[in-house]
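Some structures to go through are shown next.
Both complexes below contain chain A, partnered by chain B and then by chain C.
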Partner chain A sequence: MKRAALLLLAALGLALTVYPLYGTGYGVRAMLQLFMWVALAGSWNLISGLTGYVSFGHVAFFGVGAYTGAILIVRAGWPWPAAAVAGGLAGILLALAIGWPCLRLKGPYFAIAMLGLNEVLRALVSYFEGLTGGGSGLSLPTLDATFPIYYAMGGLAAAVTGVTYLVLTSRFGLRLMTIREDEVAAEAMGIDTFRHKLLAFVLSAVAPGIAGALAARDQGYIEPISVFPLATTITMIVMVLFGGKGTVWGPVLGAVALFVAQEAVWARYPYVHPLLFGAIIVAVVLLMPRGVLGLLQLRYRLPRAI
Partner chain B sequence: MGAPVLEIDGLRKSFGGVTAVNGVSLTLEAGRIYGLIGPNGSGKTTLFNCITGLERRDAGRVLFQGVRIDGLPPHRIARMGIGRTFQIIRVFPELTALENLLVVTSGDRAAAERRAQELLAFVRLDRLKDEYAGNLSYGQQKLLEFARVLMRDPMLVLLDEPAAGVNRTLLNELLDAVRALRDQGKTIFLVEHDMKVVMGLCELVFVLDHGEKIAEGPPGVIQADERVIEAYFGR
Partner chain C sequence: MLGQVVVSGLLVGALYAMVALGLALIFGVMRIINIAHGPLLMLGAYVTYFLYQGFGLNPYLTVPVSMAALFLVGLALERTLVFRVVDAPELSSLLLTFGISIALVNAAQLAFTSDLRAVEYLTGAWVVGPIAFSKSRVVAFVVAAAITALVFLFLTYTRPGKAVRATSQSREVAMVCGVNVGRVYLLTFGLASALAAAGGSLIAVIVAIQPEMGQIWTFKSFLVIVLGGAGNYPGALVGGLLLGLVEQLASLLLTAQLSEVVAYVLLVLVLLLRPTGLLGGRQT
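What follows is the complex of A and B.
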């Protein structure tokens, strides 16, 4: 069973590795986008799916990564891989600075604080025009790096999924879940809940920071509205809720399912898209609050590694 | 025996205008079983919460094995060796029975799993180790919570109404387990409304009423104490 799963994963990895050689330009770009969603949804799952602390502003890490990367590329002439690493570091720093006060807030207050954070960052970025280009945005020098960015984003998605696997099969991951289940009991059992939350939060901010820098390089142009949209956070949340929060493959499944639906429907019926999205949110919350894999896991006692 | 494990001195805690614990002082010695009784709202659970750090006391001192613990966060107090169960069960429902115990430990995982299995066998939940805690019966969840407390091998165990909702057979096992702990030199401090349990188990009983300690003594003496009868039944 385990061997079959590993073989399947290896085959999938190989197929995705050689895909750019055979795929169409559109196909490669679509896969790159999908990788990004897997990385973003998986990251949100690490903090919110496990600890139950709903981050309503997770796109903030993406936006900060995007601006860090873009500014380093444009103003300092950094190569994009180094800028991507810097984007991840920016995510970590922001998570520490924000997590330190905000993770002491309980549940809904944390969610609101994160929502506010994203709006504040967007305003700040618009204000410091000299550095960020303000509302008119920041254009990156032209460079065709779609293939290497495809691999970088793919590696990032794989890394997030791998880290989720490691976390979920460890006692650290179980302890994160105790925070979701009953934070008071967790404290009384000797679990330093604040330290656990902060670690998970920092861990969940790395990939969005890197993804932001990669996306900025890939798109060649960023502006405050394009990298700090609330809709991106919502999409991450819906993907994880649909696939199954607190599972390894739930965010992947959710990202694939929603991305495919989005591409298929959006292309043909642009006005139906938001409607469909809203319908999915309502349906998931009402019919299967644990998501597809969460439901299967609870019903059939699947291992945590699913 | 005889060394003080827990010393509480002038502990006070109010919520708004309500004084829940009003200047309580008491001392617990190692290797004994203590009871805490009193009418509803007399401050028993608040006293437990102040000891374990879940509530911050307004005044007074709490010493555990001679070290001040009031003001420390709950997880630090737990790690020093004070374990507790809750009046309203607080297992982790979407973790399995085994995982409920495993989360408490760090370090060698194999050793932790062995210990968790032993404790589950001790409370006769070993068959249900892979069941989600939320699917267990009320009594089973209570036993699971008890086993979880023991994972850290605490010196002092606070039990908030361990007998409530547990059937006779399970209860007798639980009481045997509590005595076994005492025989290992642990101190047990329990809140309980079931007087049979209190009288049969505890060596010394404290009585709270309106946040004040109104009596302390062996069960037989307490049962005959006029102030205690008055607190429970009125004048």
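What follows is the complex of A and C.
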């Protein structure tokens, strides 16, 4: 069973590796987007799915990574791979700055702090116009790096999924889930809940930061509206909830399902689909809180770490 | 200059206090942070706009109408959705009300479009010495203060009001004393939605109306609760006035652009230094 699963994964990896050689331009771009969503959804799952602390502003890390990367490329002439690493570091720093005060407390403080974070960052980007270009945005020098960015984004998605697997099967992951189920009990068992929450949060901020810098390089132009949209956070949340929060493959499943639906159907009804996202969140929370994968886990006795 | 800041801050602070009181009531009684609180405020603003535009009604006379309308919306939301997550983990209630908030904002976008709308009524200001009192803000202050006072009278002296306070102190003891807790939840949610609606109607005369105007109010209301101390209803008053003052001061000393950043830094600082609020928490 395990060997078959590994073989399947290897085949999938190989297929995705050689895909750019045969795929169409649109296909490669679509896969790149999909990789990004897998990385973003997987990251949200690391903090919110595992610890139960809801991050309503995860796009902030994406945006900060995008601006860090773009500024380094434009103003300092960094090569994009280095800028991507810097984007990840920026995500870590922001996560520490927000997590330090807000995760020491139990309760909704963290969620609301994340809810307001987006507005604040957008205001800051507009304020520091000299550095960020303000509302008129920042244009990156032209460079066709679609293929390398395809592999970088694919590697990022794989890394997030792999890290989720490692965390979920480790004692660290078990402690995180204990915090989710009963934080007071976790403390009584001697778990340093603050440190665990903070570490999970920092871990969840790295990939969005890198993805932001990669996306900035890929699109060649960023502005506050394009890298701090609330819609991105909503999409991440919907993907994870739909697929199954607190699992390894739930975010992947949710990202694939929603991305395909978005490309195939909803692109034609641009105004209805955010409304639908709200309805999906409400429905999933009330009717299937464990998501699709959770239902399958219950019905077919799948392993916990799936 | 400083006098002007104090006046403007206190005027807007009363609005903050009234809207935040709604969020504080739901949090105190149901232990839920209602992310949809701001979007409910937005709906209240639209009620005023359409009554003013369609029937030429005085915007201030629409306050009771929008409060009644949103009271009913609140009852419906509580009865169909929110009551299901009262005892659920925090993640469920946060996500559920977040989903409701997204649905409300986007439904408003579909129904009313994203165009900015304005209720042009009572523009201008009364000038007393060096200080200008914006007319619409003064009236908003008076109405908000009156409504807040009524809510406190209701909480202090009436039987349902006492039931609300009892439930927020201890649900189990309230049940033992014969309080119908389910009905208290319903009443609280309706009342809180009506308070948000009153805020929306009063703001409609002051700033432009659009579907996304509400979300920042959820955040600000929460900030007010944190400043005052969660579960401490009079604390919401102090917190509201304080937030108004700080924001005005920030726009004077820095720029209006950064007033939200300053509010955010304030939240982070309070959480770091005094997480129980400036007045201490839970003395209902």
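Throughout what follows, the second predicted complex is superposed on the first by the 290 of 306 C-alpha atoms of A that agree within 3 Å, B and C clash if a C-alpha of one lies under 4 Å from a C-alpha of the other, contacts with A are read in each partner's own complex, and residues count from 1 in each chain.
FYI, contacts are C-beta pairs under 8 Å (C-beta built on N, C-alpha and C of every residue); 3 or more make two chains touch, one makes a residue touch a chain.
Computed from a predicted model, the values in this text were never measured in an experiment.
Contact with chain C, but none with chain B, is seen for A:A279 once the two complexes are overlaid on the shared chain. A count of residues in chain A touched by chain B and by chain C gives the higher number to C.
Contacts of A:L174 after superposition on the shared chain: chain B is touched, whereas chain C is not.
Once the two complexes are overlaid on the shared chain, A:S126 sits against chain C while remaining clear of chain B.
Within the superposed three-chain model, A:S55 lies out of touch with both chain B and chain C [touch as defined at top]. In the superposed model, A:L105 lies in contact with chain C only, and not with chain B. With both structures placed on the common chain, the touch criterion links A:T164 to neither chain B nor chain C.
In the superposed model, A:L117 lies in contact with chain C only, and not with chain B.
When the two complexes are overlaid on their common chain A, residue A:V184 makes contact with chain B while staying clear of chain C.
Residues common to the contacts of chain A with chain B and with chain C across the two structures: 180.
On the side of chain C, the complex with chain A involves touching residues 27, 33, 35, 81, 84-85, 89-92, 94-96, 98-107, 109-110, 215-216, 218-219, 222-223, 226, 255, 257-258, 260-261, 263-264, 267-269, 271-272, 275.
Here chain A touches chain C in the complex through residues 48, 52-54, 56, 98, 100-102, 104-105, 107-109, 111-113, 115-117, 119-120, 123-124, 126-127, 180, 230, 234, 237, 241, 271-272, 274-275, 277-282, 285-286, 289, going by the rule given at the top.
Contact residues on chain B toward chain A in their complex (touch as defined above): 52-54, 73-75, 78-79, 83-84, 86, 90-95, 99, 102-106, 109, 112, 130, 132, 148-149, 151-152.
Residues 171, 174-175, 177-178, 180-182, 184-193, 298, 301 of chain A touch chain B in their complex.
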